[in-house]
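Listed after this line are the structures, all set down as structure tokens.
Presented sequentially are two complexes of chain A, the first with chain B as partner and the second with chain C.
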Partner chain A sequence: MSFDPVVRLAGVSRVHGDGPQAVAALREVSLDVAAGELVAVMGPSGSGKSTLLNLAGGLDRPTSGEVVVEGRPLSGLSAGDLAGLRRRHVGYVFQDLNLIPSLTAAENVMLPRELDGVRMGQARREAMAALEEVGLAEVAGRFPEEISGGQRQRVAIARALVGERRLILADEPTGALDTPTGDDVLQLLRARCDAGAAALLVTHEPRYAGWADRVVFLRDGAIADSTLPLESAR
Partner chain B sequence: MAIRQGLLALLSQGPRYGYQLRAEFEASTGATWPLNIGQVYTTLSRMERDGLVAPGEQDDQGRVVYTITEAGRAEMERWFGTPVAQSDRPRDELVIKLAMAVTAAADVRPVIQAQRVATMRTLQELTRAKRASVAGPAQRLVLDSMIFQAEAEQRWLDHCEAVLTASPQTQERQT
Partner chain C sequence: MSAFLAALRISRRDAWRAKGRSALIMVMVGLPVLVITGLLTFAATEDLTPQERLTSEIGAADARLRTTSNRGKLHQNFQGKCCPSDNGPPSTRPWTAAELAELLGPGARLLPMNDGTVDFRSPVMRDRVDAHELDLRDPLAAGTYHLVEGRFPVSDQEIAVTPGMLGKGARLGAPLAITREERPLRVVGVIEHPHRTKSQEIIGLPGTLLFDKRDGSGSGWLADTAEPVTWAVVQRLNAVGLLVQSRAVVENPPSPAETGVTYGSSFTVDRTVQIALAAIMILLEVVLLAGPAFAVGLRRRRRELALIAAQGGSPGHLQMIVLADGVVLGGGAAVIGLVLGVGLASLSAVLEAGRLIGGVGPLEIPWGLVVTVALIGAGSGLIAALVPAVQAARQDVVAVLGGRASAVRDRAGLPVLGLILLLAGIVAAVFAIRIAYVWVLAAALLAQLGLVALAPRLVKVAARAAARLPLPFRLAARDASRHRGRTACAVAAVMTAVTAVAAAGMASNSRFAERRDAFQGTLPAGTTTIEADRLDDAGWAGLRAAVERKLPGVPLIEGAQVLDAKNVAVYMHLQTVHGNGAGSSLDFFGDPPIGDERLLALVQGRRDPVAAAALASGKAVVFHPRLVRDGRLSMRLTPQGGVSTAVREITVPAVVARAADPRYAVGVVPTAAIHAAGLKTRPHDLYIDPASYRLTPQQAMGLEWDLGAGIADFRVYVREGFQRDNTVMMWLLLAAALVLVLGGTFAATGLAAADIRPDLTTMAAVGAPPGTRRLVVAGQAGFIAGLGVLIGTPAGLLTGTAALVPGVGLKRLTVEVPWLFLAEVVIGLPVLAALVAGAFTRTKVTLTRRTG
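Right after this comes the complex of A and B.
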């Protein structure tokens, strides 16, 4: 295992528009997330939280600065290579779960692996393992509308975890879930980090940020404060 | 103070020695409220005076078993049946500090930011303690309470910042 961070943002800025209308969504943000680390990003709306997440996952490109995922600078990658890197290394969990309603839980989790070109039998085995990990093996054959909101969110997490993804990006993953169910979601992210993944969690809920090793406060597109990492007692 | 009622609640489960009461009190409250043995015996002797508990014979090691009385049970039930009054809670230094900072026209923002980082740190530590905890439901609920309080404080700090940013008074001061 290397000591390089799984994701590194180095002096990253993102400006929307140009000239006098230009708006800086992110200004000179530098942030490393190492394997095993769960970093929470907090801040008022419009402070750049989601922009930061999109840049870290290669869904958006910075105006200046560099994003490095698993040692590969994203600026040098073609659109095709970037898409490949996203699929293989990055798992996304969003508030609106984006599960495909016509596919079963297992098929939803298999999908990214099938897109990677993994054979169906293998993809199914990996999907079952990921569903097992989130405690949902028994609903693998059900459709999203047949399971609870909390279960749907866990399926979305299984989909983000399937395969060898080491970078997990979660944008308000607890959405409208009640407190115990939201705690379950954080428990899963935490366990995945303890097993060696790196996760960036955007949340406006202090209680969920409390699960992180480090909490970064964004304000007006810049890092205003951050808690020191807790001594590793995991 | 709730020490005496807490001890009564423990004694309602059966007679106990003083040292047992102390251990059980701390186990239930997750060591958030450490009692020293002196406090336990002082409280027990006052409760004995008030007829809420009755001591048994001293055993050969000089230990005394205490038993709850009917009056003690009634006091415990009265306690459980009465909501905690807001005025019985200690004042919150942070609230006073921020109010004073605003009144004295000090720069409130660094006060808020420093507190936010400190409170978040507390929240991280509490969350870790809860994850590591193998204790029973009483301790878990105590930890949950502390987590909710830290969370509320964090939300309140965000609120303070938003209100002060929007307030024309503070904006004038900043310019």
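Right after this comes the complex of A and C.
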């Protein structure tokens, strides 16, 4: 496990609106996730979990503080640069509707590479490699609606890791799955982290948080606690 | 590049998934491409080049020679068509074969081929048709006509006819009465022209049909020569008054510099502007019609686009993906339209579908034009996807991923730009009305673009105004305003279509009114006229007696013709007195009738003893005050067939009276007044008052035929009065408005109805009856069609009026608003759109999964 953080949030705040209507979604949050580390973020609804994920991947910009991904501060980057950063370094996995319905599994995984200008053949080879790593090479040619929910999430994880990417930002990736399938997905995430990726996992299930190296509790936009997971939760 | 390929792949798959929406866009883009490319190919196929026409015109000959009325030098173009020439002595006798052989060189063989017209009588009708004298059996005639049935004529008692003649009562094997002498000639064959399949023609051997070609004018030959007839030979023949259509020259035309005959290019600036404006209008309409479908497509794909953004898709990538939709759907539709259009036209050429319109030609595909049309079609798809693409790039990815609904707010359009364009268009139109109507239309297009840019703002304002309407309509208006991207596009499409149609309707109706108002007859409509030239007193008496025998008891009213001192007939033009205020635009055409009080009663349409007394005292009676100044009527005299320099003017005493219908009465001049002016008169016309006896044009032709034997140089016809009719044009415009307004409205309403389904389900859940839901959808259609029509109609009326000004000037502008047509468009179309949309609404409640 390396101690050089893949993503670092330093005193990050995010306020929506201004004046009397201002709502602070995140307050002074500082957090590092190193390569090989799986960090679970827990907290009640509205505590700022998704906002944290959006800021970590450059989808949203903090009102104050700094986000650094792979040693690169995001504050000075344009929208285009941020998109480029996500193509090369960050992969998102959402609760459901992760994949483009009109693309096959392989094409979904190829997408960030193709958007990055990689030739189709090369992108396909990389996508197949990523799919093999998640054990889904056999569904490469199928469309999302032709595979199971668990398989869809695994394809999304493969996409999040295709190419040189090693930061996975997963927002309730098991929310729409039954328990055994959810376990499979978490097991896969864990395995990818053990292989060198860094993952920030938003979940409200202590059962899944048990797979993490560290659990961060958010309340009202601020970190309330940061602990090792309970071994019994796993 | 790979990103673009990925975008194309996404678009292609998405297009396949959303089949209904894709089909809608493809039809909107592809149908105009199909129709236009099909028509262009069809037109190019029917439009024959001089080379394609050659065999049908000269058969297998090397050249065709035609005589003219003169034997002096003339100039012709390479096709053997002539520019008028008065050179040389008039032709008085036919050319001899020896003369022609000398001109064509040794070894030349000639086959007579004469063109003209001939009268015939069949069991069902009498008529006059084209006739040709040609021995079709001769190898030189090969290719001029195909034998369909029977055989070619072999004697002077036989003729062949085209299939068109069968519809006029000619029958194979039966005799047909030819010429006024009714010589029976037997129809022995049915023949067909290779290109004019519906023509009505009679063909016989030389010397059997055409008896008016004996002075050497209008006759001709097919020539078989030892050497090709070169341009030099053609010029030699031109020098003696012969026109030549040479195979060698037509196949390898000389340059205009060599022929000395140049034609003004038909490709003028005005025409180019006209074509460009039409292309832009079609492009604009297609873009606006397809726009809502793209806008809705974008909204349905927001989540997908946000996911791509989350995976690193930049705003540029998102924009590219939506534009790829335009490329895939627009390009696909254009290619399909092109293939189908050209394919159908080619098929129709193979099947000789041109027979339906009587023109058959070899297949010709104008590739340059059809590919341009397809490219414009593909471009329209791309342009239609432009606004959604820009919106896609701007969408708030976090909000969309978070499931918060309206992530992209439909903007209020570009109101400032719209206003600037609108004002610029109006100002430009004010200047353009002094130049030419095409520039008025160009200015109007500028203003139209301004209105399109203003459309979202207008939708918002209109929806606000709908706040007091009953719930279903209020909901429809609010929904329209909330989804302005979709609604504004559809409203703009309807508005543009209505502007074009209302402008055309206004211009057409006003021009019709102008022609109708300017029409001025000299005799009541329905008056039969028997008119004879060059008859002496005995001939005239004979004609009159013959008419009396044919129409016993029918009163005949005599009219006279004016002769000058040299006994040359003259035309009389009435001179309008200008400058005393009336300011009307009446133009008086035609000579005033010359005769007695019976003629006055016919023209005036009533008994007027005062006017009759004035006429009897030698004064002209006129029915328009502007024709009389100081008690006199002024007329300009021009000798018939003479040079226009020999014009003189006379005045005769005149009184003004009132006619029953001034549109069909100018005045009557007594012979005494003509004689007093030093001129002579002779009987020239017999008029039959329609009140006493009315003939149809067919009956008039029959009378002419019956009277014809033995009397030359006279005509029988019925004055038909003002015959033009604008109804067909207005129906066509209404049909165009119907298709475009309903098409645009239904496309957008279908999309809107799908969008509002969750709201309708909610309404059903709280107890709204199916009727209310129907009313909401009807309201959506009514809102789009109504607003589009309300903005488009005044814009169109102003455009149509302004476009009339350059032709006539502001002072003489006739404007007649087509009220009925407008009512149909303004009230009828939106109501129809709402009724149809409401009638076809699905009222079954479907449970909708609600997100966000």
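By our rule, the second predicted complex is superposed on the first by the 223 of 234 C-alpha atoms of A that agree within 3 Å, B and C clash if a C-alpha of one lies under 4 Å from a C-alpha of the other, contacts with A are read in each partner's own complex, and residues count from 1 in each chain.
As a convention for this text, a contact is a pair of C-beta atoms (placed from the backbone, for glycine too) under 8 Å apart; a residue touches a chain by one contact, two chains touch by 3 or more.
The model shown is predicted, which means the values in this text are computed figures rather than measured ones.
Chemist: Quick one: classify A:L59 as touching chain B (first), chain C (second), both or neither.
Modeler: Touch status of A:L59: second partner only.
Chemist: Which partner chains sit in contact with A:L103 here, chain B, chain C, both or neither? Use first/second/both/neither.
Modeler: In the superposed model, A:L103 contacts chain C only, not chain B.
Chemist: Please tell me which partner, chain B or chain C, touches more residues of chain A.
Modeler: After superposing on chain A, more of chain A is contacted by C.
Chemist: Need the overlap of the two footprints on chain A, from chain B and from chain C, as residue ranges.
Modeler: No residue sits in both footprints.
Chemist: Touching residues of chain C toward chain A in the complex: what are they?
Modeler: Listed in rising order, the residues of chain C that touch chain A are 1-3, 5-6, 9-10, 13-14, 16-17, 303-304, 307-317, 397-398, 401-402.
Chemist: Write out the stretch or stretches of chain A touching chain B in their complex.
Modeler: Counting only chain A, the residues touching chain B are 42, 44, 187, 190, 205-207, 209-213, 215, 217, 224-228, 230, 233.
Chemist: Which of the residues in chain B come into contact with chain A in the complex?
Modeler: Result: residues 113, 116-117, 119-121, 123-128, 131, 147-148, 150-151, 154-155, 158, 162 of chain B touch chain A.
Chemist: Under the touch definition given earlier, write down the residues of chain A that touch chain C in their complex.
Modeler: Within the complex, chain A touches chain C at residues 50, 54, 57, 59-60, 79-80, 83-88, 90-92, 94, 97-103, 107, 110-112, 114-120, 123, 159.
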